[in-house]
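Right, I'll just put the structure down here and ask away after.
Labels A, B, C and D are assigned to the chains in the order they are written; within every chain, residues are numbered from 1.
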Amino acid sequence: MADLLWKTSVAGQIDGTTVIRGYPLQELIGNVSFGDTIYLVLKGNLPTAPESRMMNAMLTACIDHGIAPPSVVAARTVFSGGNSLNSAVAAGALTLGDFHGGAIEQCMKLFQELLGDHQGDVAGLAKEKVDEFRAAKKRFPGFGHKLYKRDPRTVRMLELAQEYGFGANYIQFAVAVQDTLEAAMDRPMPLNVDGAIAAILCDMGFDWRVGKGFFIIARIPGVVAHIVEEWTREKPFRRLPEGSYGYDGPGLRPVPGSK
Amino acid sequence: MADLLWKTSVAGQIDGTTVIRGYPLQELIGNVSFGDTIYLVLKGNLPTAPESRMMNAMLTACIDHGIAPPSVVAARTVFSGGNSLNSAVAAGALTLGDFHGGAIEQCMKLFQELLGDHQGDVAGLAKEKVDEFRAAKKRFPGFGHKLYKRDPRTVRMLELAQEYGFGANYIQFAVAVQDTLEAAMDRPMPLNVDGAIAAILCDMGFDWRVGKGFFIIARIPGVVAHIVEEWTREKPFRRLPEGSYGYDGPGLRPVPGSK
Amino acid sequence: MADLLWKTSVAGQIDGTTVIRGYPLQELIGNVSFGDTIYLVLKGNLPTAPESRMMNAMLTACIDHGIAPPSVVAARTVFSGGNSLNSAVAAGALTLGDFHGGAIEQCMKLFQELLGDHQGDVAGLAKEKVDEFRAAKKRFPGFGHKLYKRDPRTVRMLELAQEYGFGANYIQFAVAVQDTLEAAMDRPMPLNVDGAIAAILCDMGFDWRVGKGFFIIARIPGVVAHIVEEWTREKPFRRLPEGSYGYDGPGLRPVPGSK
Amino acid sequence: MADLLWKTSVAGQIDGTTVIRGYPLQELIGNVSFGDTIYLVLKGNLPTAPESRMMNAMLTACIDHGIAPPSVVAARTVFSGGNSLNSAVAAGALTLGDFHGGAIEQCMKLFQELLGDHQGDVAGLAKEKVDEFRAAKKRFPGFGHKLYKRDPRTVRMLELAQEYGFGANYIQFAVAVQDTLEAAMDRPMPLNVDGAIAAILCDMGFDWRVGKGFFIIARIPGVVAHIVEEWTREKPFRRLPEGSYGYDGPGLRPVPGSK
């Protein structure tokens, strides 16, 4: 085993039985929800009942927000040009970069760097870090919203976290950062839904490297639904509408030496 | 609305409320499982309790099978070359073509073409179609397995379908095709797990164009778990090992007129 | 060699020398143009001087047509979301499906099926095939243009082909199909630039399976230039403008059993 | 124009004429080589004769190195799974990350940061920067080779640069860094081909953001040739060979509460 080129602890065969993280796939089927199985492949163990409910709630929160985001536009555009559904899904995944779908990962990374194994006074740490960030003119990802004083999805997430018994360090830290930012800046800086999910995933023990993947897993079903809709409702193929684009480069000039 | 370039019935805003197929996203969060939400975006309505359990079981069945499939190899290879997680997911999706992950779609398409709105004697229809296919030397996708006389995952799926009260036309047709094929060919031609899932999705009323997307949704979490494992356990970058490849083109020859 | 998993005749090592189709890479550098090297990797041998000029002319013809095509929009959108240049190029390549960039391949395939090893009266064959297609109400790809009676790029291509001494079967066949179509339909059905390039590539002896790749090779530099322009001139990130999109799905409805 | 969402200076229409950076596409066809047209879209103007020859030489140098690199393996694997040629090209592009095909960009960025508008004693600057890097234990990208004391492709590139009259600041700086590194470390630290191309592109006046795109443009034809070879010589589909992979995760364990 040690010298194999390709090794994994995610899934494989043990004595002819297909296992996911050690659990027989056959036994998982019908006994755990898909959300639980996602938790299992990402984390290495099955969730408790509260973790299962929280995981399903967070995945549901991210599934789709309509047709405007670039992941949907890119996916529908690629399908519309005469390509396969899986190519269109790939195009959707390609758009999910730092500025679109990247916030959960960024927040988790920052929270884990700032909080780490810190024990004790979370509010004091939040104040200290907010001061540091403001002095360095750095922005806290995961806070602020263009419309809301409080992001209703965050409110829902935090309610559920409380109901399910999550209330550990990272959520406390995130809320303390929100309160400190608002006091310092004297305007709403609400913990947004990406920041809330990031804090909860941290409290669940997920490594920040899982953050982007979590969002992709949650969003792909929406992308697929959009592609199927493009397939069944629209005609090929999409290009920019006349009047929405133009050329602003050098004026007409001859090619030197052309015949 | 009619003249908008980009319209969708999947998700959007109604009077400032984000909805998925009409349901407020806020209400879905915490009240339905992620598997149910997937069903909702793909089908347009929420599943019944049996449909929910069946959907979760089928998604779980496809989540991962180990490191060997090309979707995993491509995803890990792309990440290993110094690319982002979402690019690696895209590479995984790109591999899921006709020969890898395409069987559910192909079976659903065929089943819907063959069975359509047929009412009545399913076994007779199966016999008729098997005879047609054999006469034309065409292969039935979804039947046969290199190892099993009966695919244990199929057995599990059919048990669950029966337990949950699914037993409608498509499952009966698929089993009848299996039995007819085996009688005609005098060897095991078991309905495999792709065929079983295809039949159940058909009985649930899904259009065959959803088939590939269903598989992608189910498999992406496994791909993400593999990429995170590549990130946290392996060093860059993967290339073919020495001795596994070679050049068999024209022998050495000079470039005409080279200096 | 025979039992290696990965073999290629494109490039590799011979006695420590890197070769492309047998030619030392070191000797190719500085002695042949990039267009010639493209011809070499695709065809297996170096072009003659006329083939070299024709190849360079055709590649140049396809390099870019502005910002409107979906390949450019997808590539710029992906980059704009905070992704890498190579991911954005990949998104551009993904859009080049059957309806966008697929015409050269489709024409080459059709021309090779229709003409094959046919010797002799090309005009008669063209008439016969046009009649067949019209009887079957099938469309000839590569003919017709929404603006032009004669596509100026086609005119240029055919002039160059004549100047360089290309004038073999496929070009004659393509022009004969054009003339026959126009006589039969009594309206302009000009051979378009995709059809002209397809005919010339066929006369050069390229397999039709090279057609899509030829177009991609020619178009990628334009896509790269657009991505660099997005990088250096634009701010992140692009999403659909307000007012251009909407939701037309089911009206607001409660989630059954929600709390 | 100012308020258009999509503007470009790369290509478009002027009074009904398709232009590339102001030059009529019709005039470019047949009058300039494809390498020149690539230079044009990337740089904004046509190359001089020496620039043209250098550009073609550098593009040729990067076209393909055999089947082992991950870009080729990923592209062939994706095609092999039953996907389209353009999807396979996309997979190839996706692999070209920081560790595979990223060196030209990295060198150009560093060279432009270090040299900038520096006038005068290039050798002195090289010594200063090498000392800085060594003190900070930072590695210079573009130097060192596992096999060669002098990279023969670099030698060829520098010969051509000299022959064509290139010899400006960046090449001198790169060679001075090589000599200083070797003197300081007392072992071969040859400027490799990526570093040489980077220096020449800098001397030509290209922005470092073009570096990765240059490599992708040069390499895609090789990737296309490999995909066509996979299409015409191989059977579907590629997966890891038995015995090359394994599972090293948790041992077999029951699913809690499973029936």
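As a convention for this text, a residue touches a chain if its C-beta (ideal position, glycine included) is under 8 Å from a C-beta of that chain, and two chains touch if they have at least 3 such contacts.
Computed from a predicted model, the values in this text were never measured in an experiment.
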| item | value |
| --- | --- |
| Turn needed to bring subunit A onto subunit C - CA fit, degrees, nearest 5 | 180 |
| Per Cα centroids, the chain farthest from subunit A | C |
| Copies subunit D and subunit B - interface residue numbers shared by over half, same or different | same |
| Distance from subunit D to subunit B - Cα centre to Cα centre, in angstrom | 37 |
| Inter-chain centre distance, subunit C versus subunit D - centres from mean C-alpha coordinates, in Å | 23 |
| Shared-contact residues (touching 2 or more other chains) in subunit C | 5-13, 28, 30, 32, 66-68, 73, 83-84, 86-87, 90-91, 94, 96-97, 101, 240, 245, 247 |
| Chain-level touch network, classified as line, ring, star, complete or other | complete |
| Subunit A partner contacts - residues on subunit C that touch it in the complex | 66-71, 73-74, 77-78, 80-83, 87-88, 90-91, 94-102, 236-240, 245, 247 |
| Residues of subunit D touching subunit A in the complex | 1, 4-15, 17, 19, 21-24, 27-28, 30-32, 44, 46, 83-84, 86-87, 90, 240, 244-259 |
| Residue ranges of subunit C touching subunit D (in the complex, touch as defined) | 5-13, 18, 20, 25-26, 28-30, 32-35, 37-38, 41-42, 53, 55-57, 59-61, 63-68, 72-73, 84-87, 89-91, 93-94, 96-97, 101, 152-153, 156-157, 160, 207, 209-210, 212-214, 216-218, 220-222, 224-229, 231-232, 241 |
